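Paired with subunit B in one complex and with subunit C in the other, subunit A is shared by the two complexes that follow.
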Partner chain A sequence: MNFILEKQALPDLLQTWRANFDVYLPQNLERFTHFMPLAAEGVTVINEPHNTRIPPKALFLPMTETLVKFTRFGGYENAKHEIEPRIVFALRPCDAQAVQLLDTSFLQVKYSDPFWLERREKTITVALGCHEPCDNGFCTTVGYGPFNKADLDAMLTDLGDFYLVETFSEAAETCFNGFANASETICVQALEVQQRAHDQMPVAFETENLKEKLEQNFSSNYWDKVSLSCLGCGVCTFLCPTCFCFDIVDETQRRERVRNWDSCMFRTYSLEASGHNPRPSRVERTRQRLSHKYVYWLDQVNQIGCTGCGRCVRYCPVGLDIRSMLRQAQSLPFEVSHAS
Partner chain B sequence: MPDIEAIKSEAKRLLSEGMVEVMLAFKAGETPLHPQPAFFRTPDDVDELVYSSLNQNNLATYLTRLPKESKVSMVVRGCENRSVNALVVEKQKSRDNLYLIGVPCEGILDWRKIVAKAGEAVKSVNESEQEVMVESRSGYYLVERKELLHDSCMRCSHPNPVSADILIGEPLAESDSNLAREAVEEFEALSVKERYAWFRKEAERCIRCYACREACPMCYCTECFVDHIEPRWTESGATPAGMQAWHIVRAFHQTGRCTSCGACERACPMDIKMTYLTEKLNHDMKEKYNFETGLDAQTKPPFATVTLDDKNRFMV
Partner chain C sequence: MRANGRSLYTPTPMHVLRAYYESTDRSLKTLELSFDYTEDSQAFFAAFNPGQFCLLSIAGKGESALGVASAAWEGDFVRFTAQNVGSVTSALHKLTAGDAVGMRGPLGNGFPMDGWQGKNLVIIGGGCAFSTLYALTKHVHHENHRDDYGKLTLIYGTRTSGLCMYKHDFAAWHETDDMEIHQAIDVPEENWLHHVGYVPDVIRQVAPSPDNAVAVVCGPPIMTKFTLPALTDLGFTPENIFTSLEKRMKCGLGKCGRCNLGPTYICKDGPVYSLAQLNALPADL
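This part shows the complex of A and B:
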């Protein structure tokens, strides 16, 4: 279904949703935007031409969460998290796509993560398409786009005084119940906006044979070159919407087993109990980060594990840029594999 | 702005004469706002060298990552020179293996402030002594330099390198060291309760990515206390206790070692203020021991010094 949502009606709509849902949307926190639950008053709908600092993956995989609580005398019980039905509003299509990618890890046929599953089931995602290209993003390069519709309940297209709302699920239709249906002219107008946005995104690098090139040059000094100035902090991975590595730790003083975000860029990530570290330096760690996104995800689910949100580019403290790294990778030698 | 050709020709000379193996400086980044730290190894490499006020990092952080005996040259600003000295004092590098090309620094421009003024898609940044011209998607912006300076640079009192082997450019006027004091006073004027609230508000935004640690030249421990497993010194997660422990201990480990360069804050992806703590410690060092970090490459920081006539006899 396609609806029309007047911009001035939006604050009231968000408040109406609050009766039945926790509503999360980007709000100002210090000098950036952050997904926070909507309060009763003072709604500002932020329309910055780039996404929040922390990606909305944090709404499904919190930075720290308790998995198990230990009781006295050796017993334990699984932690319970009270998760209310919620609407995540104005997330960007790259971030929504990332959540779908993460499903392939957290919701596998044999094993699924109960916390992730519950949060996913209780969440309605209403994305805001990007009608203005953002500065460092490269969504079209990796096969997605500013109006990528994968894994959304609804998508908004900014058309000046109003939004076109496209709904893709019954739950989302209910959310926009009572709003006027969009005419065909308006839908065509929106399509043009979407197409223009798509065309405005520059191609950052070629993806053809990229996987083979990275794979076949595992031992190349290319990795030394691109990791040379890397500081080894966790900015690129923690702010990445598709990075999901975690560490499980027993916080004995609190008698809890917790799951914390972890990063393959940290020395301690791959450090083994024996003291041996199979990824001893930033060279191997950088190779892991890039290869995971551009080789291993493809091996596992046949999708590039990067949605082109551009956060790692924008916030790297030393200006390292994955676009430039992959452009350099394009000149690596490789042989065409003849897979049967 | 210093003469960039003069920097380059000195760098080329050092490399071609074999005086150093590697030259630490910046090269242009993918976007105009983010020049990248670079390691130049041949005279030809040096063609890529850039110098601008957008160079965000303290290059001294790379010194401890290079082999200890390697001969290194660096383009240093005031704070970077003092960090190098502090590392030499702590025996992380021999001064004999270093050749410092000093540049008087007019302050680092904070890219976040530039984006806040000029909006997305910055295409170019041109600076003069007083003003900065920014071209972005939405047009041209002429902004006073002062408005774009990083907070730490606004308080800087030692913009000139203190012990460079060669100085390129005219030394700038040293400013009043009370500037740093002002930042501390605001915090000190608060009640204990308010100070704790301020500290919590900043520290508890942390995501524990440790960009502050990696960006800091003085954080060179092989194993940081937060990475230590047995015993574990802090809570592991992004919990209030874990984040507070990180920020308070990080700051205290900098006592008498911090040069107020602000690299920690510039690296932070969550815009966490950290220098109000280190500036306070620096001020205490100055007031109680008349010590400022890195003014020379010999004087040990007070907390690294023990004398036989120490009035606290239990120390010796």
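This part shows the complex of A and C:
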């Protein structure tokens, strides 16, 4: 269904939703925007032409989360989290796509993560398409786009004074109940906006044969070159919407076992008790980060594990740019594989 | 959710049935754990396959991945041998009979027993990595399973005779004519009746036949590194050489990302890989 949502009607609509849902949307926090629950007098800042600093994956995989509680006599209990039905509003299509990619890990048939599953089931995602290209983003390069509709309940297209709302699920339709249906002219107009936005996104690098090149140059000194200025701070992975590695630690005083976001860019991440480390330097760790996104995800689910959100480019303290790293990878030698 | 409504991350309550040192230097300790609840025991043995591992949990210390060192027919318990290296394993070393401990598992794929039926098995172990091979040997050696496999050859090397694990079983196995055993230590010792030298050299000397045979290797990385070429030289094909890998692990479910090896996770898709599979994966070990 396609609806029209006047921009001035938005604050009231969000407040109406609050009656039945926790509404999360980007709000100002220090110098950045951040997904936070809307308060009664909440101010919306959804029109910033960039992404929140911390990706909305944090709404499904919190930075820190209790998994197990310890009972008094050395026993264990499941952790319970009170999760209310939620609407995540104005997340960008790149981040929504990232959540779908993470589903392939957290919702595997044999080992479905109960905490992730509950949050996913109780969440309605209403995305805001990007009608203006953002700095550093490269969603179209990696096969997604500014109006990528994968795994959304609804999508908004900014058409000046109003949004076109496209709904893709019954739950989302209910949310926009009572709004006027959009005419065909408006839908055509929205399509033009979407197409223009798509065309405006620059091609950051060529993806053809990129997987083979990275894969076959596993031992190349290319990795030394691209990791030379890396400080190993881990911000690229911490803020990456598709990075999902976590550590499990025991909080003794709280008598809980918790999981915390972790990063493959840290030395201790893969350090073994014997002292052996499969990835002893930033060279191997950089190789792991890039290979996971541009080789292993493709092997696993045939999708690039990067949605082109641009955060790793924007927040790297030394200006390392994954786009430039991959452009350099394009000149690596490779052989066409005939395996498939 | 698993039996008793526990989540994937909540350990099964167990208690220590027996705990004893495995090596004379007390660096290795064996724990035999029994289940607090019958349903957990049933669920475990319905899923268990030699070569799998579990995460042992000590509340407040964490979890540690250890290979299962017992066969299902041995009884209603699960055996592990832990080397005292980190904070969790040193806590495990302090456990005595009756103590509570948590366990998650069985995890991982285990040995592809079905594909090995009718074949000769060459089992090659080094040091404390022998634990899952011990489970495998116990399984194969049992009268109910013995006829399913051909000749059984066991090659086991340790640094010293004191570090040799499961000494009683080795003593008994030397007495049977059912299997060929080659034990080795790195440096000569008085009264040592078996080989002296490193495992790859012993393999070249013993030269097990690759005809209709499968070689299973589990040992420290340096041993594995030199053993795989020795087997290849003897004529074993990559499809018939198997090894069990290890990396740092946290979740054991293929989610925390730590044991990522190319497109696979060692905890979920391994730990047992054939050399043919490993050759297609990046050397990220």
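Going forward, the second predicted complex is superposed on the first by the 337 of 340 C-alpha atoms of A that agree within 3 Å, B and C clash if a C-alpha of one lies under 4 Å from a C-alpha of the other, contacts with A are read in each partner's own complex, and residues count from 1 in each chain.
Assume a residue touches a chain if its C-beta (ideal position, glycine included) is under 8 Å from a C-beta of that chain, and two chains touch if they have at least 3 such contacts.
What you see is a predicted model; the values in this text were computed from it and never measured.
Engineer: So, on subunit A, is it clash or fit between subunit B and subunit C?
Structural biologist: Aligned on subunit A, subunit B and subunit C fit with no clash.
Engineer: With both complexes superposed on chain A, which partner does A:F244 reach: first (subunit B), second (subunit C), both or neither?
Structural biologist: A:F244: touches subunit C, not subunit B.
Engineer: Between subunit B (first) and subunit C (second), which does A:S105 come into contact with in this model arrangement: first, second, both, or neither?
Structural biologist: second
Engineer: Name the contact category of A:D299: first (subunit B only), second (subunit C only), both, or neither.
Structural biologist: The second partner, subunit C, only.
Engineer: Considering only the touch criterion stated at the top, classify A:R323 as touching first (subunit B), second (subunit C), both, or neither.
Structural biologist: The first partner, subunit B, only.
Engineer: In the overlay, answer first, second, both or neither for which of subunit B and subunit C A:V235 touches.
Structural biologist: In the superposition, A:V235 touches subunit B alone.
Engineer: Return, as a multiple of 10 degrees, the angle whose vertex is the Cα centre of subunit A and whose sides reach the Cα centres of subunit B and subunit C.
Structural biologist: 90
Engineer: Have a look at where A:Y76 lands relative to subunit B and subunit C in the superposition and call it first, second, both or neither.
Structural biologist: second
Engineer: Which of the two partners, first being subunit B and second being subunit C, lies in contact with A:D153: first, second, both, or neither?
Structural biologist: In the superposed model, A:D153 contacts neither subunit B nor subunit C.
Engineer: Considering only touches as defined above, state whether A:V258 meets subunit B (first), subunit C (second), both or neither.
Structural biologist: first
Engineer: Enter the shortest inter-chain Cα distance between subunit B and subunit C once the structures share a common frame, rounded to whole Å.
Structural biologist: 6
Engineer: Using the superposition on A, tell me which residues of subunit A are in contact with subunit B and, in the other complex, with subunit C.
Structural biologist: 247, 249
Engineer: Which residues of subunit C touch subunit A in the complex?
Structural biologist: 1, 5-11, 13, 57, 59-63, 85-86, 89, 99-102, 221, 246-248, 250-251, 253-258, 260, 262-263, 268, 282-285
Engineer: Would you mind writing out the residues of subunit A in touch with subunit B in their complex?
Structural biologist: 29-32, 49-50, 53-54, 63-64, 132-136, 228-229, 231-235, 237-239, 247, 249, 251, 253-254, 258, 260-261, 263, 266-268, 313, 315-321, 323-324
Engineer: Using the touch definition from the top, list the residues of subunit B that touch subunit A in their complex.
Structural biologist: That would be residues 29-31, 34-39, 56-57, 61-62, 112, 116, 119-122, 205, 207-211, 213-215, 227, 235-239, 242, 266-267, 269-271 of subunit B.
Engineer: Mind pulling up the subunit A residues that touch subunit C in the complex?
Structural biologist: Per the touch definition, subunit A meets subunit C at residues 67-68, 70, 73-79, 105-106, 108, 111-115, 215, 218-219, 244-250, 252, 255, 257, 259, 262, 264, 269-274, 276, 278-279, 284, 288, 291-292, 295-296, 299-300.
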